[in-house]
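Chain nomenclature is as follows: A, B, C and D, assigned in order of appearance, with residue numbering initiated at 1 for each chain independently.
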Amino acid sequence: MKQKLWVLAAALGLGIAAAAGAADTVKIGLMAPMTGSWASEGQGMKKIVELLAEQQNAKGGVLGKQIEVVTEDDGGDPRTASLAAQRLTTKGVAAVVGTYGSSVTEASQAIYDEAGIPQIANGSTAIRLTEKGLKHFFRTAPRDDEQGRMAAQTIDKLGFKKVAILHDSTSYAKGLADEANALMKKKGRDIVFFDALTPGERDYTTILTKLKGANPDVVLFTGYFPEAGLLLRQKKDMNWKVPFIGGDATNNADLVKIAGKEAADGYYFLSPPQPQDLDTADAKNFLADYQKKHNELPPSIWAVLAGDGFRAIVAGIAGAKSADGGQISGYLHKDLKNFSGLSGPISFDAKGDREGEVYRVYKVDGDGKFVLQKL
Amino acid sequence: MEEFFQQLTNGLAVGGIYALIALGYTMVYGVLKLINFAHGDLFTYGAYLGLTLLTSLALTDRLGFAAGVLVLALMVMGLVAVLGALLERAAYRPLRQSPRLSAVVSALGASIFLQNTLMLIYGARFQVYPDNILPAATLNIFGLYLPLMRVLIVLASVLMMVALYLFIQKTKIGTAIRAAAIDQDAARLMGIDVNRVIMLVFLVGPALGGIAGLMVGLYYGQINFTMGWVYGMKAFTAAILGGIGNIPGAMVGGLLLGVIEALGAAYISLAWKDAIAFCVLILILIVRPTGLLGERVADKV
Amino acid sequence: MSSAPAPADPVKPALLTLAEVIKTFGGLTAVNRVSFAVDEGTVVGLIGPNGAGKTTVFNLITGNYQPDRGDISFAGRRLNGLRTHRIIMLGIARTFQNIRLFQQLTALENVLAGCHYRMRGGILSAMLNLPAQRRVEGQAIEQALQALEFVGLTQQVFTAAKNLSYGNQRRLEIARALATQPRLLILDEPAGGMNEQETEALIGLIEQIRARGITILLIEHDMRLVMRACDKLVVLEYGGKIAEGSPERVRADPRVIEAYLGTEEDA
Amino acid sequence: MKPRPEVLGAGAFVALMAVAPLFLNAYQVDVLNSIGLYALLGLSLNLILGEAGLFNMGHAAFYAMGAYTAAILNTRYQIPILWTLPLSGAVAGAFALAVARPVVHLRGDYLLIVTIGVGEIVRIALVNDVFGITGGANGIFGIGRPRVFGYVIRRPEQFFYLIWGFVALSIFLFLRLKKSRFGRALNYLREDEVAAEGSGIDTAYYKLAAFGLGAAWAGMAGTLFAAKMTIISPESFSFWESVVLFMIVILGGAGSIAGVLLAAFLVVGLPEVFREFAGARMLVFGLVMMVMMIFRPQGLLPARGRRFPWVASAGALKQ
């Protein structure tokens, strides 16, 4: 046993040696789900941030130093994330981009805050993340309450009266469902159904039958795309023609593959703009570069928002003329106004939330394309 | 009332799949007294192999829908059966004389291993069957919507179960399986090659699990490498519900569990659906550990 | 209670009595209206062909099975419905037909199981290692060592049970049973699998146990042992009692001879 | 008299661990903290699975009970988190007793299935915000940092001493327990239940006692977990958590305290060292489980027979 422990200790020791590197670069951390259920998002985040760093370094880096991106895998899991955060703090990063899931981000927040390292999350939309008064936490993603507001508004504009709300009991989906529910009730909409499905199953006919019994004008599903695809597919099998509206977690090309084009036709969802719908010149140029390098578009807007987080950090370091966490955070809070991000202008409010409206409404057409709607 | 019957048919369709998988559990348990935890993953392999064969060989394009799917089903059954036999050889046979815990742990290890092999090969993302394979038609009977494919799935399941039942009850090989299930030593004395019986059980059970996987893939379209776990747990519950080791029991248990789930979700709570299924399992084990159709056997002291 | 057994000594009631005990499994009647008594200080043998229900009778006495009908009482106390460990605590100890030792544990640990119920101390006193706890442990170990010495396993105190020879495993089982300080010791085929020498030594051991005032009820196929060691025999066939009495009388009983040799129609 | 090699090994291990935080960075210390928590949970499961041989694959449920009790008491009633230790242990233990009572007589693999079911029911209950106190999928956040003698425990190395101190205390107590009649009774159960009952041991009582004590300890480990993470949510108590704990006990050697420690290091520590192969971690787990059962079912460091040194000398005198 003793021997085996020594081997382990030695292996851990090697880890330290590797971590102690040179200090003539500015290190920016990226915490992303490189493995696990959200690995495709994490891969996209990494590709975008690394390409941006490459381009910035070609322009001379920041503060006259080259930028080094240090990526750590959070596995899409809170406990792995807290270890990833510990690793990044010990590697001397100036600031951190990431991550995707809200509960995953939450597990890392306190660690960065206590270490005085600014963190800009890209996919974490849970409201409470910015309600804790953390000085060093920001996000380029919108908040769930904004999406909830947008959902209520869209249902209003489309003229639906009786609404069924279905979530999947995850933190994100439940939060969004609660938010939309409260807003629509206030406006006098009739909420005829509010319940959760079990994610990860195949057969949702039981739920659909129950939903149909409630006879809604529209169903708001706040969960993720795999379930949304199955719901649409099985809904079509039942010959039920009610429209579905989904949240941004259903913004994924696989939705149409799972549902089939015919069943997905007419499905609405809310989302920040798709990468290809970004209309600034900056975004168009960058996406062209990205496509040239990786021969594909970024997997989702969330990866692009990681790129925005990275750009904001670089701007913060340049603006504060320092790689010190406190200075960067101070600059981001006060001085960064209408910074030109890939996804539009970026400013942070006192809580670290992004100012301005980000959500758009999309509809799936007969070819399975996601078409931006003007409502 | 209409909604009640609709939910009933929903439950039966899901239950048919459970029953088909439950047969594999119940056969292995009958002969080896082992919970083959990896059985649910063999089901997943059926779904993945089906997808790969379907897309790479373009069977339905070449042979048409019916013949294509039939050939595909036979191929999947064959491959998964071989996989099942290999599993028995590698993970269970060396432990035949070991304490029960060893075999259970090995089974669990095999399950984790199979599942993650699949993940490394295909990736962690959902895989999607092409959506234009099956004819989409929905029957409307007295106001009940019955998608044609669901009806076919239940029919195919029941057909296979009946065939298996007749095979076990009426053929000589089936008698050997039943004998080995009652007492392996006695069966051996009667000149039955118990190793071959066990091998056979590990061919037939996985073949049925594999075809269930293919049906799920074809009908639901979306598969993923962890799905065998949930289906496996449910199917095992079904096997216990019906009386483990008992083939009609697995059929009854599967269909019943599907219906309990559907009605529980409809009239008790959607969000607690799986908890309801597990409560049924625990209650059965407390109240009637032999299941609905099982017989009570005294423990040897 | 028509055929209630008459105690041999009318002054002193029997230590163990079975009255009209019935046990069925499914459709099979394993024990059919069996009655007999075991007097204190005697050695009683329960014999009969394979499948006659002998071991089932033992399992009924020690509470592993519950009788469907009939009464079992020990030292004036009804045993029906009691769980096995309660019955052991009343003063009945047993060994098993297929040796049931704690295979991975040492001989000493095995025998300490028999001392267990007379010891005091729970989780807390063990964790705190209180003086009382240590004293109790010390006494138990002493008693366990005595039991091991009694059966002649002094050399194997720290040997794992699975590494003992067959004969020694049987002895260890007896030592474990004796460590419960029983009034009645039940032995299920104690000479099973033993060679002649070992059987001889076992007969000596049974004499010694008896000399300690412990009553013995045993199942055995080895007729030499049965005839030499037992004061009384009870013969079972197909779950029912067919004879009872001294070895000489039973040996001469035509029904017993028939049961053991088979009738002409059977053959 | 020369000390035995395992005593030397244990001494070296304690010395090494005592100074480890001085040489390691925050991340590495945090990995050791994770290992410590798993070791603690492994030790608690070892009582049930390793010592008593009861197949429990729902241990995460008891762990969750403790963590949630602590978190609720701390966030709602502002009870300092470490003060909740006894109560969260008691709640987890009482829950285990209530659950185990009707099912504990079931045969090994049936018990396994039931405990998996219980684990899932608890997780579903937590996700569905049962009684409105578990916070649903969000879990409970804002759990206070623990304080020891006025010091706030915050940094990884501070947690290191808290967690490993508790591990050391647990090992100390469990070693004593192992030597006592209680510890032996659990082993009798594992080896042969019928023979145990037939030797006068109340098997039903000891099965429940093993469940209760093991669960109570897991509950206390849950408190430490909640204190360290400051946020707990149902996904931390999934079925796979139970599987990993089951593995730690089986891999190390059922009933072996040193084995559990070693297995915790291997199962939690190695994937951190070889992070680039993280995707294959579970695959290796599965393979190891199969291969171990075939070639080394007793585990890496199997438990040894109790020695009773004073008996050895007494026995020698007699001979």
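Here are a few things to note about the model shown:
Convention: a residue touches a chain if its C-beta (ideal position, glycine included) is under 8 Å from a C-beta of that chain, and two chains touch if they have at least 3 such contacts.
This one's a predicted model, so the numbers in the text were calculated from it and none came from an experiment.
Looking at chain A and chain B, the chains that touch each of them are D.
Distance from the centre of chain A peaks at C, each centre being the average of the chain's Cα atoms.
The chain closest to the protein's centre is D, with centres computed as averages of CA atoms.
Centroids built from CA atoms put chain C at 47 Å from chain B. In terms of their C-alpha centroids, the spacing between chain A and chain C amounts to 72 Å.
The distance from the centre of chain B to the centre of chain D, with each centre set as the mean of the Cα atoms, comes to 34 Å. Averaged Cα coordinates give chain C a centre that lies 40 Å from the centre of chain D.
Multi-chain contact residues, meaning those touching two or more other chains, occur in chain B at positions 271, 274, 301.
Under the contact definition stated at the top, the residues of chain D that touch 2 or more other chains are 127-128, 194, 279. Residues of chain C in contact with at least two other chains: 64, 96. Put simply, chain D touches chain B in their complex at residues 53, 55, 102-103, 106, 108-110, 112-114, 116-118, 120-121, 124-125, 127-128, 194, 239, 243, 246, 250, 279-280, 282-283, 285-290, 292-294, 297. Within the complex formed with chain D, the chain B residues making contact are 34-35, 90-91, 94-95, 98-106, 108-117, 119-120, 229, 233, 236, 240, 271-272, 274-275, 278-279, 281-282, 285-286, 289, 301. By the touch criterion stated above, chain B contacts chain A in their complex at residues 3, 6-7, 10-11, 13-14, 123-126, 128, 131-132, 136, 138, 140, 145, 147, 149-150, 216, 220-222, 224, 226-227, 230, 261-262, 265-266, 269-271, 273-274.
The residues of chain A lying in touch with chain D in their complex are 1-2, 4-5, 8-9, 11-13, 15-16, 19, 35, 73, 75, 77-79, 82-83, 86-87, 89-90, 103, 106-107, 110, 114, 126, 128, 132, 169-171, 174-175, 196. Across the complex, chain A meets chain B through its residues 35-37, 39-40, 169, 195-198, 200-203, 205-207, 209-210, 212-213, 226, 229-230, 233, 236-240, 254, 257-262.
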